[in-house]
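These notes open a run of structures that come right after.
Shared chain: chain A. Partners: chain B in the first complex, chain C in the second.
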Partner chain A sequence: MARMLKTGALALVALVSLLLGSSQAFAGMDRSAIVGLLCGTGSHAVMQGADEMLANLPTASPADLDWARAVVQAFSRRTLRCGGGGVGYIATSGGLIDAARLEASPPVSSVLRSPFPNLRTRAALDRLTAAIAVLNAPAPEARLAAVGILASHSDLIPPALAEAALKRTRNPRVAEALRGLIVLQRLHAPDIGQRVAAIRAMSENATSRTENELKSLRADPVYAANPRVAAALDHGIAHVRLWVQVGAVLSLLYNGVSAGSVLFMSAIGLSIIFGLMGVINLAQGELLMVGAYATYSVQQIIRMIAPGYISLYPVVAIPVVFILTGLLGILIEWTVIRHLYRRPLMTLLATWGISLLLINLVRVFFGTQNLEFDTPPYLTGGVAVVGDFFITWNHLAAIVFAVGAFTATLALLRFTSIGLFIRGVTQNRDMAGCIGISTRRVDMLAFGFGAGLAGLGGLALSPIYNVNPTMGTGFIIDSFMVVVLGGVGSLIGTAVAALGIGLVDVGIEPFYGAVAAKVIALLLIILIIQWRPEGLVAARGRR
Partner chain B sequence: MGSGERGPAATAVLIAILLVLVPLMGLHLLGSVGLSVYLVNVVGQVMCFALLAMSVDLMWGGAGVLSLGHGLFFAIGGYLSAMHLLRTAFAKTHVLPDFLQFMGQTRFPAYWHLFDSLPLTLLAILLIPGVVAFVFGFVSFRSRVNGVYFSIITQALTYTAMLLMFRNDTGFGGNNGMTGFHAVAGLPVGGAGAAVLLTTLSTLAVLVALVGGRLLITTRFGRMLVAIRDDEPRLRFLGYDTLWLKLSAWCLSAMVAAVAGALYVPQVGIINPSLLDPSLSLEIAVWVAVGGRGGFYGAIIGAVLVNVVKFWLSAAAPSLWPFVLSLLVLLVVLVLPNGLTDLSNRSRSWMADLGRGLRDSGRRRPERGAG
Partner chain C sequence: MSLVTRRTVLTGVAATLAAPAIVRPAWAADTVKIGCLFSSSGTMANLEGRLNYITKMAAAELNASGGVLGRQVEVVVTNPNSDWPTYAQMGRQLLQEQKVAALFGCWTSVSRKSVLPVVEENNGLLFYPLHFEGEENSKNVVYLNSPPASSVLPAVDYLMSSDGVSAKRFFMVGTDYVWPRTINKILKGYWKSKGFSESSWHEEYVPFGFSNFQSIVNQIRTFTSQTGGQPIVVLTVVGSSIADFLRECINQGVKPTDIPVLGLDMVEADLEGLDTTSLVGNLNCWAYLQNAPGPRNQAFLANWAAYVKSSNAPYSPHVAIDPMVSTYDGVHIWAEAAKKAGSFDVPAVRTAFAGLQFPDPSGYTLSMTADNNYVARGVFIGSVNAQQGFDVLWQSSGTPKPVPYSPFG
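And now, the complex of A and B:
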């Protein structure tokens, strides 16, 4: 009897310990208590449950994480069902399962409530989702995104969470983002040493966002109370502000140079032609537009015949666009311009007629809407340099393009025989004709070359500007300003003037608006003409 | 000017036509002639364009200076006349114009009160464009900006003005411009009375400008202008100060354009920055080129012809108009460098050539200096 009792007691102990043991293994989270809170009435209880779960996440076992994810997901997707007495279920296609144990539940007779996440609890659930994802999401991108969400609520996240996540990742990008998060959190750490270190670490990454972040710390009572924190913070803010300002100046320069590059591309052809023939080509902006449309056509053709190489279309388009617009220029010269020599004002009208014709032809064939370009991956995004200064690839491409065009034109003018002829005819047309240069042929080729350069300008513009039939009209006046300022027929003058006008435009715009920038640029040019009627770099020659 | 001996004859014909037109308008007032209000209005608008073309011709045909910015002066006149009309409308209705309400104003800015008075407005219509033209012309002509340079800088000027007026905070209605005029000289806008009045005034203005212009070019001043057109450096070497000559012609031309704009705006009932679009200013040059430069009658004929075609095509086939315009430009520029006067001269020379046995029939008429 006694033996039987003993065995029974042992069995009971074993049973109890087995039962207890099974729950002991998951002591990290009191699942049913959390479910009870989440199923509680009122958002206060739900928030409490969410906080409880969040606080336990850093030490949670993988199984607990899976459970937490399932419950939070069920809440967000409104598949959580709540019975009386704080018992929760998850509705699945296969019926109800118990939310605390994730096991199939016996049939429930009572009426189930499905809690609705409101604005406050929705934010808490999102935080939870991110906090869980940062610990156990399989893809590094998902973890990175989760760190981003957590960083914007860094004060609500338990400090241990980021460290726990750091231990569980091997991806360097995720690890760096997590370290940033840790720094962000330590800004509010109770330990002064940690705070100061965090402020130092934070000010290393000088952007206007960190500047605002650091400035907001001044409202913290510790800033006023503790001179060490105050000194570190003031020093950090000064450091960040300095680099942010350096970055702002650099990005102003960068944007100015890239705007100038585009101007240069559209003005260079104008300048050569004006210097050579004394003719303003009012259709220059439209040649730019035709170049952009030719780029678009190349893109569409490649998409049709070799979709795998679609990202290479800008490279393929370079020769195509140059030749197409160059031929168009030669056609214009041959049919119209050459009959109008010595009548520059009539040429002005004629080229305006051509520009009108080109705009309306394109309108008929392509429509008036903006074209959609596939920006290839190597032209999207950029790299952060200092402060808020980003080197964006598409603007860099425009700059590189303009530098290439400048070098090529310079080489053509300096080192080839056609370049020699162009320079000769520019300086003295009659004399050049007398010594046997075919001035008509030189004019035609130069016009074609200028048109081709404008077309390449359109290609360089296509990832930056809106491409539509009237895009060229705004360029002709700016380009002419460049030519007037730089000096007719002078390549270097054109480059300097394009950069100058680009910088003035970009420099004035943020303070007084784009229109004021145009007005000031025009006034400046009128003033400069008073002082140097020939432009900044006067071309030699007798005309 | 150019075809000097034919000028007076053509002018006489034009004066005769205009003299017939003006009473016709008046007859309509009595309700006896079949011109609809719409047509009267169109005639009035075309007359304003003719006046505008004459102002450009004074500079282009006269001094050889092509302005691609006369839209600016036209628009200044228009805006000033619109301001007067809005003030008189306000005196009647006491409702602030929409654009001022939109800007959050509760009343007119102080300087608008100047435009209550018609004489002051008329003075402003002459004075303000004159001053603008003087300042711009002085800095340009003084530094010997001419030819294509000058044309493009005038274009840049109106382009910049357009960008400026497109902004709402410039204070002149921005994008939407000014509209909501109530009455012109007590006659309701859009009614037959106002249309006849304005058309008559515009026709009279063209007439006065034509007679005045023809007289002007026979004076010493006019002959000096022609000399500037043909060889400005030589004139300078001979000791003439061409700066003030050009400048006076330029200011006069701007004032005439402003008068045209002031007459035009009440007829269309709205003004917005589209008048400052460089393409309008280029179009004016096309009218003059089509009609033939120099002597003013060509400008009138060109403006009337092109605009009648434009009014007709804009209603019949709007998408065709830009093509017609661009081909017209190329045709005139390539085949008829002196516009329609070429056509008449050529047909005459063909007649003569037929008599002389078709000698020289292919030779082109010598071109004028300011081509």
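And now, the complex of A and C:
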């Protein structure tokens, strides 16, 4: 009952405001003038129209807001049509409607122009969309997001807008964000207390952008005249500077670790196949590629049978990819490699042949174009942490995945009987055979395991790199480098080497550029191999 | 006793393989060969591979209308494997052994530079379909696409105008080879002539096939936040690096409205597989865009879609990129010139270029002069849309005269 009353009251309010709006009791917007400007030629006219609309938003009636949203949306989506004399229309599935009145328009005979939002007008449209959303979006989350967009352009937003929005919200989080925006907009207020508060509020958000904005405030005469403002500004800049530096260091570390994880994931399969078994497998990169294609196939199958669960495909793909590439590895071992264990040079040629075969097979079945992955929402974008340090989800996922794969592989090698057999065969094949280990079976399983891990590498790389038939060739050199540097036969060595190369590469890049970083990293590797030919972590046991 | 031994099988296979070689001279008189130098493997494969098919499509069009000078056009395809010296080697084979009448090939400038001595030595003719640095003028190369003065500079001018974003600061990211370095050198010279100081730009280079753009995008974010006016990115990375760069931009939340990216080598095919909604507004500049208006473009797109279907080409039937159209134009320009000259001899064909015109899918009428082997094309500036394509943001009113050797270089 109470609820019904409430809806009734709301409807009444809406009706009244609608009536008031149409009878121009509100300081209503001059709709046709604004449409005329938006439909004008050149971005100058469009910007003028957008400014006019923005300035009127704080006092706009709900009906005007709905109208503004419809027009801005039409412009952004390119459904706005302009006729001669600044008359605008919006193209809908049901025909043209008049942009100023939002009513069905009589048939138009003249040729209509569809204005194109260029970069400048697009930015203005984005601001307008946010400004309208902050006033009338139904969901509090949408309003919060809109406040965020407005806050990054606080100098271009009329101060009355935040006040008006504050009156129209009852959500405490939105209200708090809006109050923050109001404080921020008082950077040039005549009242010193308000200015100091604005400076403090600004330095809370420590990014290099804030730092530059605060620094530019030093040119303001008030800075020299008023010691309170000067102190607050100096303190704010020092605070922001500190966190920006912390952020820079963290971001370097993060980039290094994530680059290391990618290297590790591309090398982990090889560290079993080359490191433990001594097979120079040039098809390693292609196993990676097959893993990525298997991931793609899993995604396509889920899309076909259960489109609702499409975002879960990377998780579903983990076992599928591991088993598929593992079986492919066993097939390769059984058909080719097992005949060549005592002839390493021929393995090199044979596996190279396999790599070409795989590339061309995939090319025949899938084509050469980059595959289109449906990136799940939890792998796109990221979050700003401190200063300019920004954590991107896809790289974080690669790190987590690498750590998981490392622990699981290490546990398997250390704590299971098959792991024991693999290590036994690695250390002394003949002796292991003598005490009853089936070395044939162990070889096959170990190769399959290494191939499966490479497949998982492909899965982990698919949200970061382009997936196409030739993607594997780019990884083969890097992965051999990692395995050899880490120490042949040592999984921990592989991890240490991958992390080391990643950190060195990324650490040098901002100072000397990516090309020099690669050169310096390679030089370092040569020096380390000279100093420790057995690699960073040497495997124990007789070879 | 089995009649089919390993030896008989091998002999049979060898005979079958050898047969075309024996048969060929018998009908060689009715055909004329043209050669393709586009990689179908390696880092350039996704882009260059398409050009083999478009050459074949253009040849099929010529053959359907009776061939050239009464002879059917036969396309010889090679695969230089994205390896620059191999382009030269394959080019030599095509010219000396296959005796091709013209070569169509190369994407990167470094591959063109590698083929250049070969075509000059053998007096061949290479049709090069990419826009490039313009610091070259060989009589053995037909430059089908625009030098910087009629492609890059108009686009940069647009971004520096008030209709663009009034760009004041420039972040250049490029792959480390001749094209990006020369383009950036020309741009710096151009900006200097406009009164910008050295502090208003920043240059970064990455190796071929580079994919980890985390640090560079970090640097771009820092660059964006600095004061001194609107920044833009001039992107001259090539191949698979383009998509990797764009993906990192999406993930780090770098928005085109904050810092637009002008991707000089960016085409529709680079956006495949990306969610372009947060890239809307980024720019490129070419002599053709898929959304170019006009019936000729519609016809071309329909032909390509049909050709992909009939030839089973492993590419999207709905994506057409500038170098495809340039290659297509090249085949037709070659045919026109040969018809005009009445011969396939390179010197005769070359003389026939002067005054040649060809209405191409972009909507402009291409023309050549006696001054050089450059082709005058229109200019498009494209803006990324949410459908992984480019909308036409601006296009030139005519075809600016192509000028080799930039005064700013």
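Everything below uses one rule, namely that the second predicted complex is superposed on the first by the 371 of 543 C-alpha atoms of A that agree within 3 Å, B and C clash if a C-alpha of one lies under 4 Å from a C-alpha of the other, contacts with A are read in each partner's own complex, and residues count from 1 in each chain.
FYI, a contact is a pair of C-beta atoms (placed from the backbone, for glycine too) under 8 Å apart; a residue touches a chain by one contact, two chains touch by 3 or more.
This structure is a prediction, so every number in the text was calculated from the model and none was measured.
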item	value
Side-by-side fit of chain B and chain C on chain A, or clash	clash
Chain B versus chain C as contact partner of A:A74, first or second or both or neither	neither
Partner chain(s) touched by A:I359 [first = chain B, second = chain C, both, neither]	both
First (chain B), second (chain C), both or neither touched by A:V515	both
Partner chain(s) touched by A:M481 [first = chain B, second = chain C, both, neither]	first
Per-residue contact with chain A, leading partner among chain C and chain B	C
Contacts of A:V442 with chain B and chain C, given as first, second, both or neither	neither
First, second, both or neither for A:T392, with chain B first and chain C second	second
Contacts of A:L96 with chain B and chain C, given as first, second, both or neither	neither
Partner chain in contact with A:R343 - chain B first, chain C second, else both or neither	first
Clash-bearing segment of chain C, relative to chain B, as chosen among 24-32, 114-122 or 150-158	114-122
Intersection of the chain A residues that touch chain B with those that touch chain C	359, 364, 473, 513-515, 518
Residues of chain B touching chain A in the complex	60, 66, 68, 139-140, 142-145, 147-149, 151-153, 155-157, 159-160, 163-164, 166-167, 278-279, 282, 285-286, 289, 319, 322-323, 325-330, 332-334, 337, 367, 370-371
Residues of chain A that touch chain C when the two form their complex	42-44, 116, 118-120, 122-123, 126, 207-209, 211-213, 215-216, 251-252, 255, 258-259, 262, 359, 363-364, 366-373, 375, 380-382, 384, 388, 390, 392-395, 464-471, 473-474, 505-506, 509-510, 513-515, 518
In the complex, chain A residues that touch chain B	274, 278-280, 336, 339-340, 342-350, 352-354, 356-357, 359-360, 364, 473, 477, 480-481, 484, 513-515, 518-519, 522, 525-526, 529-530, 533
Touching residues (chain side chain C, partner chain A) in the complex	40-43, 45-46, 49, 162-165, 176, 204-207, 209-212, 214-216, 218-219, 221-222, 224-227, 240, 243-244, 247-248, 250-253, 256-257, 260, 269, 272-273, 275, 280-281, 283, 314-316, 383, 391, 393
